[in-house]
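Look at the two complexes coming up: subunit A is in both, with subunit B in one and subunit C in the other.
Now for the complex of A and B:
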């Protein structure tokens, strides 16, 4: 067994089709797929599982490998992006080389997207399984490449998330490079007054964090510094930063993005002028400096949020408005505070309590609709109350706009340097919203805080610990295994033309003089496995391990079976 | 155009692991519905897609092929998608030479965040192929002829000449030759198109010689070129050692392939 010999007709393939509860089974005819799979060439076993990824499912795979002497495993289920590592490790545990495993995506790219076309979707799933089996037949065992890890993390962004993450890593004994582009650490926390839900002083938290970071010898803080280039891969990133006009280079094993977000400047909205009409952030400063003199305050929610340009909810503004309204009432119980809202989102049990308290303390909540937005005029706000069905005119001394949280405009540059995705609103996109919430899809890169999505201090701190924990998994292991999906050269066919060397983005292939003339050689540690060289080689002398020409062509041919 | 009643196209999709495959998964997570006509193959980078794979798909009778990568500038492998675009544009041009609609091959970009875009591109492309009809319905020749033409174009894409040319496109246009002279895009496109035609014709002629010796006139008849065009090709091909005169029949020389 153990994946030694076995190729082509010697292949003994087991196909496992997952119901994923009703996610697949509710739309595709899974028993039919199992029956169909069994009749495919080289398939000696097929079985359905309620959840292939459950203990029961995994045990069934293991038993089937033993009992049926399987030397290839195909799982038709969710997506390799989340579950390939799990099934590969099950194969490994049973002594089967993990690269003799093939994933067929029949959930994310089949049952979930053809929910009203079960029959056609089942046919599509059959095609996909047939293609997967064809590829599996030609899979070869591969040896993973082990790479040393530089035991240092770079944290980009020195706000509450970045500082917390740095401290957590440093306290575990890892070196940290903390990069902050401003002239001081703290980020948005520097501008806040009190923090909900406990009305703690923001200044207390920020000075404690700054103090701890400063004291910690493992954290190297680089202020007024920006990242200008990132190269390398998990365990071995080379980062170039700009500091005082000079380039500095650092080698780090992992990178955490904690670049935060900023508050949208509501220019041109509701008469925003920074004096009589201010943002919540500007109100925080007034409250902190004791400079608030207002008997009537009108707060407007969802300013620049949940509209066409920014369809998302900024999440923190409801709680923030409640907190500030209560502080105003506390300082001056005679004052009147109105909150004009579209929907109040005080998620969780504790936050809903604050909403109730605010109402009890006389904060007036008026619901407006996006179609009839409040109008700020000289000294008054006109608002059509959706619940009363009437227009109200509110005199004000101060209007406070709960402006959206927006991604930094230069996020795109950092995303390109890291080769990681951002969403349509410019926030960084995690590998998986539930399964890998602080990982990027690329190994060794993590994220936390508002860089990912607007979140409050508490969440930023939780995410920072999570990112530190994920990062420490790699650092503490000291070595990482890289996928052996790399190029290889057929030296007989290579003419030494050098096109591969010219086009390789990673300088991972070069032509060398040998006894048999000029021949391209792959530098295995540098090759990232894109396959660009293979698909472009004039002599067709280069192919990829695990994505070979034969495997891919077999997959194409299996789709039609016959040809024209 | 004989768009058949109830025709359901079969489409092959190549998706890169980092952006477009993730975008396709996101379409699923978001439950964006799209027609069930596309069969996806995951590759690490869209630049893994050899133009001959695309021709293989058409030779297998598939009605359309789509290749999605990361948006320009976002490629996980820095410049992979630029290569993809150049190669696929070249492949579209050769499809036109074959007599197929170049629209049967779609190259586009989908990020990991663009589930909706993925679903929409797939829906539109499926509709496009449905309009075009089954593979070859836009052609004025028989299926056997289509197979021969696809084989010749696949051979042309497997040969070193076009692969070398497209591989150097970026360098020639952006960086220039050894003298620092940059080639204008239009001029490159012209050279590319000429080379595609020449390589394609060459391989058609070679294929026609598969069954034995032929006169220029016979070859012209089989590959649908004028005798003048065939002769022009033969002169070069003879120089390259690909063909040779086997014997003279009457007053006409008969050509055969040389070597393997």
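Now for the complex of A and C:
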């Protein structure tokens, strides 16, 4: 039955109305809904279930399909978000194409939101069921799309995140192309002295990682290489890179962005000159070379962070300042170190004790407010301490600015090539802030480390493993199965104007030269069925499979009594 | 990767355990997900909304729970705890005790007839004790598996041999008082620990009056109080008299950054207090909130913007300083006693409701679990990890993610869980 095309007029629809325990049944008149459904056009069967999703309910659907020769199933219940896949698979098990199933949401949209108006909510449920039945009549079988996946990941950026991610994927048995634009791997880690919270040598960590990457036969490292073009879609990305003036092409299944961030240059702020007033990054080099001679050091936090231009907190600067303050105290216990801060960010179990230790070891913490910023002038720093409520004048040998972490300026080019969004501060934007922190909305693209948001090395490493996992999910499957709810181009009508290509947020439609001229082609694996291409098409040449204009108009007419 | 590699045990079915299970399952690896409670979901299921997007917590979690329960590669073991671990990375033999539910999972249709008739009333854990439940009960509305459980400590039949009312009313004959605990032995290549956190019990900080002053509650209690599926149906009412709430104090670092209790920072409280204050205002625009904090820790993605919005649009004031104590007046209004930083003077503020941002501590029982797993814990009882191998425990093949290793927010839990899944896959595929 599944492959067979059934004309609308031959539709035999079964409607199942769920009580959902008391979730729906406690508020709506479910027997009335069943009775109402039975009288709708093309409905040959209707029934209520205490829980349609229970084994009993599912068996009732299956039996009804058999006994009543149903070729469309409508369930009026909780929400398709959690339950549509279940009912679709029940249809499939009974030989009915799963796309001949329609969900009507009468829990979220009726009983939950109109709890105190049972009668009106029942009437609304009738409207929704009538609309669902109208659409179901016009549903067509759809076949799922399967695409092979190239068993290789490209990792862009060879810092701690990129190297860690590459190693994990390689250790899971996948090939990796690791792209680094500088002449060596290591990223920002190459410029650091010691790492908080345990004063590990940055050089030790970076050389261990570099060594492991070098030894691993599955990782192909490309240094002094930049990405110049990206085409394709999940499982089948074609990446062009520039290496020594030559273009090279690679086919990969997934891409991980690990391009990191850079330290803001605080030109014009607090008398920054790179000598007496330096950044924490420059201090790291002084400490590494043993070239620091200063008895009085004043560190200023939130330089370029939490201000109008960059409203965000750069997250790592407080711990970094604490670490360097402690190193200065260790080298020269007589030295005086001040940290001028707004809120000390020593979150979690590992960091707070460093704040306490620093205070116990004589590092002086002075809280300033953004309204009264410290002033560096004539060899002193003037600061109004909020807690003491008075202005202090601190003579200094060295001022150290905890400068913001900022997005690389060339992130924009990469974002454009990948067609992924960045936020207003230039950091890449993930698919969902809470639940998909290292995925891009586009399938097969992932993100880790400071390119996502300022984070420390431990966090970068966790994210790198996360991106490796997400990438591995796609590679391991070997194939991508996509829902056929995608757009469809009527090639006769298409004028090849390219508006759809511009409108598509997923890079899933593109205009191609064909024998018959320029015609838009849907990249089925990438298409999310959002409809942006269709809405903007001046020729009305694009329609959505499973959400055709015809089906939607039928729904609206069912609600309004016709006329559209 | 045609052949199916070995399987992985995940301990803990909160958002971290669920994410690790889904990633591994989707890689084609068999997963056993062991959860101690009657249903998966963990702490995230108890939250009303989540910062900084104000997404409804259960609404974004439950599709993942459903994916887990339907996944062909994932086997859920609820009411289950690990009792023994033998072997090493690549080939562990794990014993799991699955406690009797006394309800047949296959037959129960969750109709609620049994719990409606149960004569026992005990505090409901999921709703933080704010309402009562029967001895036979649904752990929570959206829980998975969606079946009833008999709490044998309180069931009249199982303790005293009388009653059996639930059996009488069950339309499916799903009650089984004879059910026994089961012992399972699982062969797994790697173990992921995701046991999460407990909220610190603030009654030991006697000066804050928790349990003595009715209108002093914890953050978790507040989450249930404003949740539509919570004990008041989402109406923000004062516990003492059901009265209207217009002025709220949020007390930060309760048990955190405190040398007498937990010296560490619990990471998430500045943000959840901000969220909770925003939600109070969304319930009633007349609400004003005061957040008493030490350092405002809002370093995560989008957090500073969220805090700025809170101050600008939601009548929320941030007051720097640790609250000294809380007393009450004759109307059961909590009185907050604090030092005003500007004047260094002690001040008092009467509010309708005070909410204690209690610190996050390791789940009770983690110490025992760590012994069974032969992994070390840190000085606070969290699982010990290295700063630069953050997902490795001290035993090869055993990984940790989420709040069992350190307090972290939901995105961090989720990404650590994916990370731990990658580490486990490395062990299996090496």
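Criterion: the second predicted complex is superposed on the first by the 349 of 564 C-alpha atoms of A that agree within 3 Å, B and C clash if a C-alpha of one lies under 4 Å from a C-alpha of the other, contacts with A are read in each partner's own complex, and residues count from 1 in each chain.
By definition in this document, a residue touches a chain if its C-beta (ideal position, glycine included) is under 8 Å from a C-beta of that chain, and two chains touch if they have at least 3 such contacts.
All of these numbers come straight from a predicted model, not from anything done at the bench.
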item: Which superposed partner A:306 touches (first subunit B, second subunit C, both, neither); value: second
item: First (subunit B), second (subunit C), both or neither touched by A:145; value: neither
item: First, second, both or neither for A:375, with subunit B first and subunit C second; value: neither
item: First (subunit B), second (subunit C), both or neither touched by A:532; value: first
item: Contacts of A:81 with subunit B and subunit C, given as first, second, both or neither; value: both
item: Touching partner for A:481 - first (subunit B), second (subunit C), both, neither; value: neither
item: Common interface positions of subunit A, toward subunit B and toward subunit C; value: 81, 423, 433
item: Parts of subunit C lying in touch with subunit A, wherever the complex brings them together; value: 1, 15, 19, 23, 26-28, 50, 52-53, 55, 60, 62-64, 66, 70, 106, 109-112, 257, 263-265, 267, 295-305, 308, 320, 341-342, 344, 378, 380, 382, 387-391, 406-408, 410-412, 414-423, 425-426, 429-430
item: Touching residues on subunit A, where the partner in the complex is subunit B; value: 79-81, 105, 107-110, 112-117, 120-121, 123-124, 127-128, 131, 415-416, 419, 421-424, 429, 433, 441-442, 485, 495, 497, 499, 502-503, 505-506, 528-532, 534-540, 544, 547, 549, 552-553, 555-557, 559-560, 562-564
item: Footprint of subunit C on subunit A - complex, ascending; value: 21-22, 50-51, 54-56, 81-83, 85-86, 168, 171-173, 195, 197-198, 200, 205, 306, 311-315, 343-353, 356, 386-387, 389, 423, 427, 432-438, 452-454, 457-459, 461-470, 472-473, 475-478
item: Residues on subunit B engaged by subunit A in the complex (per definition of touch); value: 8, 10, 12, 17-19, 21-22, 24-25, 27-29, 31-37, 39-45, 47-51, 53, 56-57, 59-62, 73-80, 83, 87, 111-114, 119, 135-136, 143, 146-147, 150, 158, 160-161, 163-164, 166-168, 170-171
